[in-house]
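We just call them A, B, C and D in the order they show up, numbering each chain from 1.
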């Protein structure tokens, strides 16, 4: 298994020079564009990894899976999906125009920024710190890694540069789709995006979803089977933003990407597959990570579509 | 197996009264809103079915799978996907606005009307009749049913009422995304939509895709494995229009619907699952068919996401 | 007066090389990009002109003023404005997306292509030829020129290349905003756009509107005062497509342009001012004509805004 | 003259019950929906008025004329119009979608909220208070009323409820169209909207623009002729938001409305005409004010289009 992963990582390094690290958050620009790693965690807890496995990245949008899972678990799918849709968007992850264009003025799905911010606002926490703590704890449970922590430099950098997310938040409130204190919600959003992690953590996260919500390392049940299924379904249709269709053709499994360079995939009943590679393509997805997953989809027969 | 299908069909009939048959094509309005049927065809060719299995419907948008497969097989994916995208749309199946809004002015994917019309225009046939014949023959090969034929009353009805498709065709030509004679292309499009079929045909069609392009009944190789994979992937992300995400959550497998009331699903390595039920939901998908598939997804463990 | 016009024309010729003739209709590409002319017709019928006054052009969109006037006169403003809006659009003259984006799916105003086609469809004529004849006769009455005729080469060229207008027409019918035979309506539209005219004709046309609907040369009442007023108001807000605001700042009077290179302006109580110059700017308005009018707006104190 | 105004006001009162006061800013909801007044100020300084002339309202969007004039005077039209367009929008005054839809991502014109906020951000003031003071002083000069002041209750109310303006501001910064501190700019924006005024002030404001920038009461030159002309032109094409075309047909002169219920019109060389009437139509324009102006447009021959 390690050999298969190694082969996939090494043969994919050549594509890295076609990508570039995210620059809109200054701290992200410091990431190593040449890093590339892969890990697989079976539903039995067996782990294999290859490449730059110690490279740590911030989870960014991958945290949306955790916060959505938490919200579904706490509030139920009926409530959540009365406030946010489940359909894929052909617009970029930070798009606002459809919120105005079509009634009801609610986000298309929880994987784009507007949807993730809205979901966060529904969580029953008053303090930004409590909300963050709940999401962080969910990430820790999904990864079986109690040491997960916030990269404060990245969090501050996000906060200072994220005008678009502020625009989304205030727009959602202006149309009545969101209540509460926008800055308070954004504060926890910026910080949950800055949770630091590695490729092994992400593989465990995927394995937890593949095991119907039970973390195969800790044995703890983090989500109900239904919640795990919903998360996989949404990863399958809109996990890579407006690159989701291309990913379905090339790789063919549920996955979620983040602009930190991580991708976490989940194959129900089999395990979690993850990659780390901060060099991104034009849509904000890890260019090396997609190549590695395309390779592994064939060599490990991971495709489900 | 027949019992499982029967149980799914009978327990789903109650939802039919919430839907209604398509009315924008007058001939479709004559369909029986109370009909409901399901069929499964394994990759080994074993067939089971239940419900109103003799109800015949026109394939409508399901034919897009055949014409896209034919185009991929004849022209290659590089050519096709340089002219049409692979991303899901949150707009209705007949939407035009994004064609103008975003450059390049090409259809988002081949499963929406604009994309299907464009793909047809790429096929190397001069005569509308030849083009239609090639698509019809592909449908016959996929279903192993040489008797498939056009319902001429429906074809005429489509032709007379399909202003939106004409608008799409002329728009595509006005922006240079499509060449050739629009009416000629539309003529074959309207007629391929009117191919008459049954739930068993559709199940075989799904099984052909599930078997990597080889029809399990005839043993003939209709598509390459790669083409079958691409068709499944696109069915997985955008097969039910702007209801694709909802379908992914509720059912979780690649499928394509048509406003005639059919749905064809495909589970790689396992088989094809199909339903027929002309009563549609607000997005133009079979309301009973989705309910049956949701039931079978659980009882037959068909979910892949 | 002739000297003022001459000074305006000659001093504006230098801008012509920055424009280019319309090419999307092949016959229009044959126009002379170096031609430039101006004419003024007072409400007393006094005429002055300068420059290439014998250059003949096709009226193109300027004909929309005549067909709208005819429709208002025959059917009344209440009917017309229940079917088409009066608001300016920031979209190009041939835009379709807003027709889908916003309900009611009716054109924003009668000066963009979709609006003009819709207005034509409301005229109570069955035959395309009758409809054309009525519009042509209106143009003849407005210009007091019974010799106005169709340039058939341009008409055929329009017909063969105007996919976008077909798309607009079929879209309007698909959403129920337009009834009748699209090709029949378009046939007269393409031909009315090809009415051949000169700068003097256009100045008389503007003078007719400036005189409350009475042609100052013939003395005939072509439109009621109210209809003349409505036409001037719409020319004032949306006569130069998405260049209407820029024109209001630079020139400041009601006007209508056509891609044949004509512009007709109207100053209530004073007269009509017209220019001919086939070299267009990026929005499809005569680049030399606007410059001439900007000059005359100052030297003749024509500004009303 | 007073009789003409009185006749217009009294005969228009019946329409008031079809409108309603703005409610999205709580303090505005306290306005008197039955108030209605009109005033005319000639370029010679002669003033006439009728109706509820002592009703005071906040200027709201009418202040955009003052801040744009100030910006044009301080920075020049080339700079201003390199950052904001001059074309009318068919979208509501607080629309955001076009900012994302079309590059360059700049506001269509300075009369919609996004454009007004952007223009404010260009003014060379660091402190919100200084910026406000400069706009307030401009309003005082335009009205020749040194007593104009901020209604602090309305200002606070605007600030607390204006999520949409915040969304616009942060969006503009996210696409690089605006620099600086969004909250700082919005702070002065909310407060300039809350400048309290009466119908006579507004009539003087219109007269100042009609006199080429010279206030006819004080004799002071507030704007250059060119700046006054630009302001009138933009009022003529986009002063009443997406109701500008309707206003051009019904009234036919340059004007600017505010959701406080004021409308200020300007007829070059003749004078300023203003109305106050807090009951608004569905587009946010004074329903009684438009009716009064429609009446006066005829009885006083004010129409310029």
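Going forward, a contact is a pair of C-beta atoms (placed from the backbone, for glycine too) under 8 Å apart; a residue touches a chain by one contact, two chains touch by 3 or more.
All values derive from a computational prediction rather than experimental measurement.
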item	value
Lowest number of touching-chain links that must be crossed from chain B to chain D	2
Most remote chain, CA-based centroid, reference being chain C	A
Centre-of-Cα separation between chain B and chain A, whole angstrom	32
Length of the line joining the C-alpha centres of chain B and chain C, rounded to whole Å	46
Gap in Å, rounded to a whole number, between the CA centres of chain C and chain A	55
Sites on chain D at which at least two other chains make contact	98, 101
List of chain D residues in touch with chain A within their complex	94-98, 100-101, 163-164, 166-171, 173-174, 182
Residues on chain B engaged by chain A in the complex (per definition of touch)	85-91, 98, 108-109, 229-230, 232-234, 236-238, 242-246, 248-249, 252, 254, 268, 303-305
